[in-house]
Amino acid sequence: MEISARNKIKGVVKEIKKGEVAALVKIEGSTPTAISAVITKESVEELGIKVGEEVTAVIKATEVMISKE
Amino acid sequence: MEISARNKIKGVVKEIKKGEVAALVKIEGSTPTAISAVITKESVEELGIKVGEEVTAVIKATEVMISKE
Amino acid sequence: MEISARNKIKGVVKEIKKGEVAALVKIEGSTPTAISAVITKESVEELGIKVGEEVTAVIKATEVMISKE
Amino acid sequence: MEISARNKIKGVVKEIKKGEVAALVKIEGSTPTAISAVITKESVEELGIKVGEEVTAVIKATEVMISKE
Amino acid sequence: MEISARNKIKGVVKEIKKGEVAALVKIEGSTPTAISAVITKESVEELGIKVGEEVTAVIKATEVMISKE
Amino acid sequence: MEISARNKIKGVVKEIKKGEVAALVKIEGSTPTAISAVITKESVEELGIKVGEEVTAVIKATEVMISKE
């Protein structure tokens, strides 16, 4: 399966914090890049996302902003 | 200024493609990570974003999905 | 590949309109459901999306609103 | 009231799961299409969304991605 | 029709700039608040949005970030 | 720091409701404009957002819809 989302960042799950509905998943990339994702707890469970696992953060380009010093 | 958006990825602008309303900005991170952002052409011009410049991609955690092989 | 996005709607591409940066892709589902997606023109070209093709619209649950009469 | 969001999918609320802040609402369309929405618990309560009720899922076109096998 | 989106800001359309696919609509609120929206050109045309018209900017709460000096 | 997000609305934090993962922050603008933001509880804590404090709601233009009576 290929998806139109332009941004895919590979990393390892470092932490999962579950609420009732949402879950915060922290991913550590190969560089100091750390990515936080808020997805449904249901997704975490259906995909079986676990700490230590390799995953890819997927981000649609229209969701990315740019800041400048 | 600090912003609540959890994800900030530093990089260098590699390419800017402007449409009438939107603009596609491609950023190259310190690792093979490349980030694409679709922002308004107006933002590109007001912030004076140029190829070769250091910028930060900013992404709200609720916009990040996770995929697994 | 599995993705955390909760919503996947299958359909057939009915129309593609390309701008300089963005593209509007219209998908017709198996029911009167028609879905419009604004994605980058680059994605349309890299995935080779064509009218008549079967695709899946993918939507993160945090992007869905609910309205009531 | 008319809204610029391009995508409106009618269905019946099948399940509501409330967290402290967010709520997950599952909607069943007229076809096998099931839609999940994460909205604030406050919205669920103010709009009085209940299981069995007819609602419309509303999605802005810029939030829709496309995937291809 | 009521919608779950928490944020509704009334204003008057001050400017519309159309691209091939997207359109930038600038709204002036009753206070110095100016709101920019990027919506499809199709929406601008189907809703018949014109400069000088009263409209409401609608924003889902999960799309709002907070910054602090 | 300057950010590409087009919409910045100043206000005062009126209410914070924390869930396990998400938090709902209500901001009151200088006019009857009230803004609700759903951000991570982590952001609320790291930025030290408190009731009574001046903050800015930041919204990317691609996330704004328009409705018309």
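Letters A, B, C, D, E and F name the chains as they come in the text, with residue numbers starting at 1 for each one.
Here is the rule we go by: a residue touches a chain if its C-beta (ideal position, glycine included) is under 8 Å from a C-beta of that chain, and two chains touch if they have at least 3 such contacts.
As the structure is a computational prediction, the values presented were derived from the model and not from experiment.
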Numbering shared by both copies at the chain F-chain B contact, with half separating same from different: same
Find the pair in B-E, A-D or A-B that has over half of its contact pairs, by residue number, in common with E-F. A-B
Going by the average position of its CA atoms, which chain sits the greatest distance from chain D? B
Would you kindly tell me how far, in whole Å, the mean C-alpha position of chain D lies from that of chain B? 29
Where chain D and chain F are represented by their mean Cα positions, the distance between them in whole Å: 22
Touching at least 2 other chains, the residues of chain E are 1-6, 19-22, 24, 36-40, 42-43, 47, 49, 58, 60-63, 65-69
What chain pairs are in touch here? A-B, A-C, A-D, A-F, B-C, B-E, B-F, C-D, C-E, D-E, D-F, E-F
What residues on chain F touch chain E, complex-wise? 3, 5-9, 24-25, 27, 29-31, 33, 35-39, 43, 47-49, 53-69
Per the touch rule, the chain D residues reaching chain A in their complex are 17-24, 36, 38, 62-63, 65-69
Chain D contact footprint on chain E (complex, rising order): 1-6, 37-40, 42-44, 47, 49, 58, 60-62
Which part of chain C faces chain B closely enough to touch in the complex? 1-5, 19-22, 40, 42, 60, 62
